[in-house]
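The same subunit A turns up in both complexes below, where it pairs with subunit B and then with subunit C.
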Partner chain A sequence: MADTRIEPTAAGAGGVAPEDKERRFSWRITGRWVGITGLLAFLVAPIVPLFIWSISFRWFYPAILPTEYSARAWTEVITPHNDVLGVAWNTALIALVVTALSILLGVPAGRALGLYEFRGKRLVEWMILAPIIVPGLAVVLGIHVLFIRAGLSNSIPGVILVHLVPTLPYMTLVMSGVFANYDTDFELQARSLGASRWATQRLITLPAIFPGVVVGALFAFIISWSQYVLTLLIGGGQVQTLPLLLFGFVRSDPAIAGALSVVFILPAVIVLLLSSRYLSGDNAAVGGIGNI
Partner chain B sequence: MAVRTRRLTGTGLSEKAARRLTITVLLAPAILVILLLFMGGLVTGFLRSLGYFPLIGLNDFNFDAYSIIFTDNGFIRSFILTFHIAFTSTLIASILAVASAMLLRPAFRGKRFVQFIFSLNLTIPHLVGAVGVLYLFSGSGLVSRLATGAGLIDSPAGFPAMVNDPWAIGIIIQYVWKEIPFIGVIVLAILLSVGEDYESVARSLGANRWQAFRNVTLPLIMPGVVSASVIVFAFTFGAFEIPWLLGSTFPKALPVLAFESYTDVDLAARPQAMAMAMVIAVMSSLMILAYMKVSRRYVRS
Partner chain C sequence: MTQVTLSGLTKIFDEKSPPAVDQLDLEIESGKLTALLGPSGCGKTTTMKMIAGLLRPTSGDISFDGDSILSIPPEDRGAVMVFQNYLLFPYMTIAENIGFGLKMRKVDRKEIRTRVTDMLDLVQLPGFEDRKPRQLSGGQQQRIALARALIVQPNVLLLDEPLSNLDAHLRDEMRELIRRIQTEMGITTVFVTHDQEEAVVLADRIALLFDGRLQQFDVPDAFFESPQSVEIAKFFGGTNFIPGHYEGGEITTSIGRFRAPRSAVDGGDAVLSIRPEAVTLGAAGGNSVMGRIRSHVYVGRYARFRVTLGDIEVEAVTDPGQVKMFNDGDEVPVTFDSNKIWVIGPAAAHE
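This part shows the complex of A and B:
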């Protein structure tokens, strides 16, 4: 239990019994805070230069901060002529459709895997896991060949379909974890009390699985939103998304690349803010990924 | 029960048949999509790697592409580099993720904020992280500037190569940065659901802090760590954009090599690209199966 005790100054609340091994104890607290500070610094560090670059005008080596600032990059990003926001919208639209399709296909599949034992279940589980284990690049070359034949290459529907390869397994995995801890008796009770099939789904099933759907959808959205090589190959340069746009500026114009990176981070942050309470650790769905 | 099932499914099927129908209907759409796209892509890639390409008049199968890539020194070097990237990133990220989860487990002031920053990282695209690492660790990057300001070096040339370097340091930094929160969130979820009771019992029975962690907590979180690190290994072994941006020109990571062969103007390189894709698929699957087998045994004992 000693682990949960925090120095009164750190916990703020006080009321913590004084520790008998005073000196060693405070070392632990100091160590913990050094660790947490180091961790936060490491996690935030790569984002810092992106922000600075986006507002810099002159920033030559060895200046630690830009010698001149400018809104040039941001003006370029926002001006309709360059259509960055159009591309961002395109990327979001693809990610939203991919997420919706993943929910539509993944929730039922997760329900089957989480609730039922049946012959061939292991095989089905391995099939669903396979796209996570086998890298996307290894299959996308073959998919490209198929899509050219089917007329799906260089098109948004093609890009949406290929994004399902990495997103659907995550959604299914998360949902199978959720349904493994789900009690169907509530559904039966609702039905026997006269609720329609639809009402049962809406009033009983959905609220129970909602946190899991949010986590799965968050994963699906982010995987699609940040997809690079699948879009590059299947989109064939015809489907422009933010990651492709960003890549083009990394070496040539760090200021634009910095601003684009910030635009690239924002929606994901908003999505996280909306769903952070579901991600906060004690959600069974997060652990669901740990159930491979 | 049978009556109720019949009424609920709305058909005249027996309970067993109704159950089978339910499972099939629930699974069919997802399985169909995975079969068509994933398996379809894999099989097509495999056929093409054997030189089967009817459109340009290649109708027989051969292993030429495989013998070309396996006798190519560059390919072997690429394979070793890719394994090094995946293995080192996964190992470092897993250890630091467990440490981070242990740090974030107890209640402390500002925990919500720290957890938010921690999970924020999950949502930041890999590419953005890679650009950030590039602007931090390149020769004229922020860290190099800080080192110059501190008088440690006097030109970008004096800064150790950490980006586009043969040891793939930049790539590994990026993966570790991105995957600590991924593994950490999963471990933290397990830690919180298990609670600290087992550890307290071990401590009260005389185990020191390390022993309690090593013999009680670690075995409890290990299945989660294994699952998460499998995903990380697979991802880092097959990811393309990070080594494309942060990798050296020779040797290249396997996915970069495969992509460049595929988009080569010379169509003759296509079967080799497909063969590389198959090697990536088979090797990552094999390594992951081996790892799961070994670690499962370790977890049980």
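This part shows the complex of A and C:
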């Protein structure tokens, strides 16, 4: 703190010089706009042609827009006999459970890796990174054999478990970055002031790591939501998710594929926009640049 | 009012290195201000964290008013620690920070509010309720951290380096504030410091630790007048140590024999220690030997001379006017005030 003069009635910012505060403020605004513009360009813009596909009836070169429109694809998507909404719900349910499990396992693992030195730490780090480095197909073929024996193949629990393979590394890595910058003395201080273990976790630890949890959860959700290969192999066609459904339509019916893509992309975009404040500005948590 | 007793308290972090705290026995008096003093890494903060319940001792016991508190979790000990870097919770307002301990004790919201206001008055920061910690200067954060600890009326208040992060002028204010509040509330207070001056000015008693071991536990002036070892004397600014043989109230050294009624040992090999302020130049008399001035420094409030006596060099701090009376190289009588000589056991015997 640059200014340490005691002024009991100091107006405004106290220790922080006003221009300093302004500069930080404008940086935050700039950061947020860069973030939002990026999100729009990379995530929302690609949906536009997909959406147009979904309502087109005739659309041939050199026409820039379709020459005839039709609601057929959307009717197909909504009619119950295709069960698109049921599959979408299934996909969301799997992604939510995967996300919850990733948080449950990834936060303590990230804490251990970010805060403590222990024997075999390097090995554990490599093991956690391995699913990102080793091709998923190779891993899943091995897992498939195991899952058949354990009766987990062709079932939703099996799909959830296999989705954890790519999601856990992201969750753990994000959290270990967050914890590397976290001062556990805050927890000791709270205990000393009379807070129980549980109250300390809830009132001190959680607010400090929350942005990181959001970012990690986002990764986990999107990875699970868009998983194709792992679901196909472990689900064995019994477990239907949106990516599987979408893939089937890509060749046979581009209009329906377009409509499905919109359904497929929207939740991810919505979640991302809602949590964009944790990806940019003061609260940025990716890579462990968060403040505490 | 709580008396804290440490008995055989030991903390070993790593089997391969020496204990951070080694067999520490200490009686911390009820309602008094006690300093844990020592160079950095001597185990002061470790000791404090064990009292607060934030670290488990490897062995030994801690008791409050005679009852062991080792099995009591930190939140129920009533020993509140204020960390060196304040650790105000960044997501809470100042009022929420100060009221935190009361909220944990399920005190009702209205009472918390009035007591927070009282506390802000006590630390002279009225009206700060709705600010956020990052809007405060270091000195202000320090006061809030103190208020947050005091509001729960702890049995024992533990302050880790309470003045070290403050500027010189703030340090004096803070020191007075701590002293005033401690006297008013009568809380048994322990504070950690590496600064001997800070310990002397603030504490009722000082526990001096080197390498996790208690060296001396005494009132502040004892560390100047009767330090128990050469290292202790050196830590408190002693510079003159002359080895010799002590017998019958006299110490015989290579430069002469001196009367020395005050002593930490009965006899045998010993070290004559005398603080530079007790060495006088010019006036011959008892306990005098001839010396030669080697160099001098004029400091303003005082002057500092280095004088050679045979094969020994001593330091003398004198009235600043004496720089005009002597030149470097002059032969002068050097007198050791016999009541200020303190005879310590030989340095080797200590280790």
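The rule we apply is simple: the second predicted complex is superposed on the first by the 230 of 292 C-alpha atoms of A that agree within 3 Å, B and C clash if a C-alpha of one lies under 4 Å from a C-alpha of the other, contacts with A are read in each partner's own complex, and residues count from 1 in each chain.
In this text, a contact is a pair of C-beta atoms (placed from the backbone, for glycine too) under 8 Å apart; a residue touches a chain by one contact, two chains touch by 3 or more.
Note that the structure is a prediction, hence the values are computed from the model and not measured.
**Q** Which partner does A:Pro62 contact after superposing on A: first (subunit B), second (subunit C), both, neither?
**A** first
**Q** Which partner does A:Ala100 reach: the first (subunit B), the second (subunit C), both, or neither?
**A** neither
**Q** Between subunit B and subunit C, whom does A:Leu188 touch in the aligned arrangement: first, second, both, or neither?
**A** Both partners.
**Q** State whether A:Ile204 touches subunit B only (first), subunit C only (second), both chains, or neither.
**A** second
**Q** After lining up the shared chain so the two structures overlap, which partner does A:Ala180 touch, if you call subunit B first and subunit C second: first, second, both or neither?
**A** The answer is neither, since A:Ala180 touches no partner chain.
**Q** Taking the superposition as given, does A:Ala92 touch the first partner, subunit B, the second, subunit C, both, or neither?
**A** neither
**Q** Just checking: does A:Ser196 make contact with subunit B only, subunit C only, both, or neither of them? Give me first, second, both or neither.
**A** A:Ser196 sits against subunit C, while subunit B stays out of touch.
**Q** For the overlaid complexes, name the partner, subunit B or subunit C, with more touching residues on subunit A.
**A** Comparing subunit B with subunit C, the partner touching more subunit A residues is B.
**Q** Both subunit B and subunit C contact which residues of subunit A?
**A** Dual-contact residues (subunit A): 1, 3-6, 188, 191-192, 291-292.
**Q** With touch defined as at the start, can you tell me which subunit C residues reach subunit A in the complex?
**A** 49, 52-54, 73-76, 79-81, 83, 85, 87, 89-91, 100-101, 104-105, 124-127, 131, 134-141, 148-149, 152, 166-167, 170, 173
**Q** Quick check: in the complex, which residue numbers of subunit A touch subunit B?
**A** 1-6, 10-12, 32, 35-36, 39-40, 42-50, 52-53, 61-64, 104-106, 108-109, 111-113, 116, 118, 124, 127-128, 130-146, 161-162, 164-165, 168-169, 172, 188, 191-192, 218, 222, 225-226, 228-229, 233, 243, 246-247, 250, 254, 257-258, 261, 264-265, 268-269, 271-272, 276, 279-284, 286-287, 289-292
**Q** Note which residues of subunit B are touching subunit A in the complex, please.
**A** These residues of subunit B touch subunit A: 4, 8, 19-20, 22-23, 25-27, 29-31, 33-35, 37-38, 40-46, 48, 99-100, 103-109, 114-129, 131-136, 140-142, 144-146, 148-149, 156, 174, 177, 180-181, 185-186, 188-190, 192-193, 196, 199-200, 203, 223-224, 227-228, 230-231, 234-235, 237-241, 245, 255, 258-259, 262, 273-274, 277-278, 280-281, 284-285, 288.
**Q** Name, in rising order, each residue of subunit A that touches subunit C in their complex.
**A** Touching subunit C: residues 1, 3-6, 8-9, 13-16, 183, 185-186, 188-196, 199, 203-204, 207-208, 291-292 of subunit A.
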